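Look at the two complexes coming up: chain A is in both, with chain B in one and chain C in the other.
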Partner chain A sequence: MHFDPVANLQLLVSGLAFGSIYALVALGFVLIYNAVGVVNFAQGEFVMFPSYIAVTFLLPATTVFGTIVHWQLPIVGVYLLVLVLMVGFGLLFNRIAYHPLRDRGWMPVVISTIGVSIFLRNAAQLIWGSQPIVMPSLFAVDTISIGPLHISPQDLLIIGVTAVLIAFQFFLFERTTLGKQMRATAQDRATARLVGVRVGRIVAITFVYSALLGTISGLLVAPLFTVTKEMGALIALKAFAASIVGGFGSIPGAIIGGLAIGVIETFGGFYISSAYVDAIAFIILISVLLVRPQGLFGERVAEKA
Partner chain B sequence: MRLDRKNFLATTGAAAAGAAFGFPAIVGAAPEPIRLGTIPCLTGSNALLGQQEHEGAALAVEEINARPDKVYGGRPFEIVEEDATNDNQSAVSALNKLLGENVVAIVCPVLSTEIQAMAPVMKTHEIPWMTGGTAVKNTQLGVPGMFRLRGSDGITGAGMTNFAVKDKKGKRIAILHASDAFGVGGADQIVQTLKKLGMEPVANEQYPKDAKDFTAEILKIKQATPDVVLMYIQNPSDTAIILKQVHSLALNVPIIGSPSLGNQTAMEVAGKDAYGTYCAVDFIVGFNSNVATHFLTAFYKKYHHLPDVGTGSGWVYDAVYMLADTYKKQKGTDPKQTIASLKTIKNWNGVLGTFTADAEGNMVHSVSIGQNQDGKLRLVKKVTG
Partner chain C sequence: MTRYPSRRIAIALLIVVLAVLPAFVHSDYLLSLVDTAGIYAIVVMGLGILLGFAGQLSLAQAAFLGIGAYTSGWLTTNLGWPAWPSMGVAMALSALVGFVVGYPCLRLSGHYLALATIGFGIITQLVLINWKSVTNGSDGMGNIPAPQIGSFVFDTYGRYYYVVLVAVIACAYVGWRIKTTRVGRALEAIRENEIAARATGIDATRYKIIAFVLAGTYAGLAGSLLAHMTKFISPDSYSFDQSVVFLVMLIVGGSASISGAILGAVLLWFLPEVLRPLKTSYIMVYGAAVIAMIIFMPRGLVGVFETLRSRFARRGAA
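Take a look at the complex of A and B:
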């Protein structure tokens, strides 16, 4: 196969776009893990559920509980509405799935998040049915063509929004009191409580922030994917692998891990074989763990202790 | 009559005695329903196909049970449904559960991969297995009583390839297919047909299950500079996303696809990205018999949306009616007798056309090549196997 710079650039843009989505969802995993010490297996549903809500309000006609509803609200207004609703969703998730079980160890909480995941997927099928739904894009055109190069503006939007969110995240954690309180809670909840951090509130904010990251991922990727009840689970699986490659608990690790998996998948599919693209991703995962069991950016167990 | 304890005991005692002595009419016992098993994929990423199967079966049963004589002798159909989900192991578990439910026939899931996984269990039970799975291998698995109510991939794959080469004058054919049994089986049929025509595909790309980014596959095909691309895909959602990405990446050559390209949902979701594409399908609206016209009308009246006739609801509807007709004719539901009767089916009219059983259990022997013209599928030609 000859080297084609145009094809490689297209692969890079596509890989970075999908990698960005993995990175955002991986960040959600890591933030909750750092705050409460458990993996949230409903993270994928934080992507899927708001996407369904968005299409319900966006499209001229959507079937909800077998009844056709007609909203067709402006796209920016719908985005804002969904973000507001997902703040409530994050708070509710914290109150129902985590808070009652917080003193019973990690296992009941993990099972609780799995339960919520199954519930939300089945609820989505019950409410919106099994038909895939197309979410309109912000852009009037599907492709920007520059000579032989054809790039989806949605891919560029995904990469841009992810870059902004990553910058915002560093600002939040490094420059604001709230971010410092979130970091303190992640490092040592008991000590954070001793120095006056309202740990319960910080945990709730973490769930909300994580839900918002999932929501933004969903709104960004839905025009490319179509909205289905499985869309979140597919992304979450890769995002989970990304957060392990990066070092579970590491924010830079989640970002780099997500981008790396997205890019490697796309190039692996092109240069090796699409049939083995999942195998390639998981061989990399195993190789990284063999060389650095703590992941690329993870702390050694001794350091954490 | 006042229903106090004494009267209640006397009535129920008499009824029980009557039933015990074989006088069901005295207690007003309804004729025993005929239990029909179905295993659609109701959850998982193929839930749409499962929902369509469920709707087709439910409509047929509702119509049959509304007839004065129901299936025959006043006996109605009763559907016993188990969820095959989206993985082979769950499909086998669902099948095992269903086999303990005293069913007289089973309508299988449409996914060939699940049918092939269930085959070892199916071989041990001699009952009619009605399938819409199109992989050629499905009727060659040694399962007694397997009947296919759609055109096989042999007919579809060969039909698509011949159309690409002879009608579209393709000289450089590329293939894009799913990595499941359906996709691999279909791609094999295309490669075999090309071989007979003295050709080889310039690219043969498959994508893994649940993939959503097809950039690598499409760019690889584009690099091979094909003049026609043949797609063999089952999932309507995958089909729509691929067409969108084919359009975005400017792969501007004729696309000819398996029946999912003519699937109502795929056409709606893909929108303009599917305009101009061709597909080999079981059914095209506008070229339908009276049975099909009735089905389309009744389906829309019941569900308020159009059916996916070929891949989804139509073949299941046909399967239920075919069994009902067979039971009525033979005045019984004995599975072995039913298998023998189904093997002699000839020129039976259903939604998908005329059914005639061959030695392997294939009942449909032609498909249509259609073209998506502004969102509507138009007949281009009929292809016979």
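Take a look at the complex of A and C:
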């Protein structure tokens, strides 16, 4: 196969777009892990559930509980509505799945997030049925041409929004009191509490923020696939892999790990094997774990929790 | 065990009750559920040795179940082997894979080990789907024969029940022996504090690998038993979600004991059946029930039983 710069550039853009989604979801994982020391196994449902809510109000007609409804709203209104609902969702998640178990170590919380995941996936099936739903794209065309390149505008939107969110993330953590309180809580809860940080509130905010990151990834990625109850699961597992490849607990690690996995996976799927494309993330993961368990940007500890 | 002669009697009674159970269950469907519950109990006991005894979390139990099932399926349908030796090879191969995977992975712990095993599980399932010349891909493998002794074929759920029962008892016995002997104490020391365990001269790596290999072997045996019972296997049964179900069974049952593993497997396997009148919402309720159980039963079902028993004993003494 001869080297085709145009095709490779197109693959790169597409890989960066997928990588951006992994990076946003990985960021959600890492923020929760840093705040409460637990991996949230319902992170994929933070992507899936808001996507369903969004299509319900974006399409002229959707089926809810077996009856056809016509709830179409203007697109900006829908996005705002979904974000507001997911703030409530994040608070509720903290209250039910984390708060009662906060003093019992990490395993019970992991199990309860698994319970939430089972609950939400099947709630989605109950409400919206098992047929995949297509989310309408914001754009009228599938590809735009830039010189010889044919690029999906949705990919560019994903990369752009992710860049803005990452910039916001650094602004939040470096420049605002809230961000500093979040970092303090992640580093040492007891000391953070001693200096007046209201740790419980910061944890709740972290869950909400993480849910919103999932929501935005869902709204961005859904037009590329379809909305199904399984859509979040594999994204979340790969994002989890990405956060470990980058170095678990490290925010730049999660972002770079996510982008790297997206790009390598896209090239691997094209040049090596499309049947095993979903294995690529985990092969990278296991290789990194064996060679450099702390990840690319991680601390030199194999497990801090 | 010698301190509790009543406990021995209770176990003997339980075995007798279990031995005559099929005589009272006439529904084939119910018997198939009972058989599957027993098989899942074996997988969960294996996970219990790894997580409950040694404190190492694996989410690859479904992959080992698949390796066991496909080894049995391939040997019997492609090479025409009888069922029993296929089961033996299925266990041996699962043990070998457990060793090969466990050796590098057990340098990791906690969330990292969990994720490495998730990765192994997903890769295994992709291989089962895509290695069509051996596994027949998504179409699955059919016509897997039932085991037989002489001319007696274990081809009904009622008959197969005894194969499963013997396997469950054997696995439970091995599990109990492990817990009460040197290996179990070493694993417990590693679970509580690996650095301290190493300082007292316990070869932690070796014992963790033993636990990982045992967990794989249990799951491999269970997979083989499942293949010879259902006669048909396909890759979608060996998913990450299935591994998660095994983990939930163990935690809900009570992870640090063999009886907890069995209780959790049986209860959570039958819970959806009990909830089935709720029709489409039953798995949703199942998810909610898992959250409620983890919040309100900190030590699992075993913990609930122990609390009840001590209350009962106190009342008896007064």
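Points to keep in mind about this one:
Methods note: the second predicted complex is superposed on the first by the 295 of 305 C-alpha atoms of A that agree within 3 Å, B and C clash if a C-alpha of one lies under 4 Å from a C-alpha of the other, contacts with A are read in each partner's own complex, and residues count from 1 in each chain.
Heads up, the rule we're going with is that contacts are C-beta pairs under 8 Å (C-beta built on N, C-alpha and C of every residue); 3 or more make two chains touch, one makes a residue touch a chain.
Just so we're clear, the structure is a prediction, and the values are computed from it rather than from any experiment.
Under the clash rule set out above, the superposition-derived model of chain A with chain B and chain C contains a clash between the two partners.
In the superposition on chain A, contact of A:Asp278 is made with both chain B and chain C.
Shared-chain residue A:Phe168: touches no atom of chain B or chain C.
In the superposed model, A:Ala123 makes contact with chain C only, not with chain B. When the shared chain is aligned, chain C comes close enough to touch A:Pro108, but chain B does not.
By the touch criterion defined above, A:Thr266 lies against chain B but remains apart from chain C after alignment on the C-alpha atoms of chain A. Clashing C-alpha atoms with chain C appear in a single stretch of chain B, chosen from 111-119, 201-209, 327-335 or 363-371: 111-119.
Touched by chain B in one complex and by chain C in the other are residues 121-122, 125, 275-276, 278 of chain A. Residues 33, 39, 41, 96-97, 100-101, 104, 106-108, 111-112, 114-123, 125-126, 233, 237, 240-241, 244, 248, 275-276, 278-279, 281-283, 285-286, 289-290, 293, 302-303, 305 of chain A touch chain C in their complex. Considering their complex, residues 57, 104-105, 107-112, 114-116, 118-120, 122-123, 126, 129-130, 240-241, 244, 247-248, 251-252, 280-281, 283-284, 286-291, 294-295, 298 of chain C touch chain A. Touching chain B in their complex are the following residues of chain A: 1, 4, 7, 10-11, 14-15, 18, 68, 121-122, 125, 129-134, 142-143, 145, 150, 152, 224-226, 228-231, 234, 265-270, 274-278.
Of all residues in chain B, those touching chain A in their complex are 43-45, 47-48, 50-51, 179, 205-208, 210-213, 215-217, 219-220, 222-223, 236-237, 240-241, 244, 247-250, 265, 269, 271, 304.
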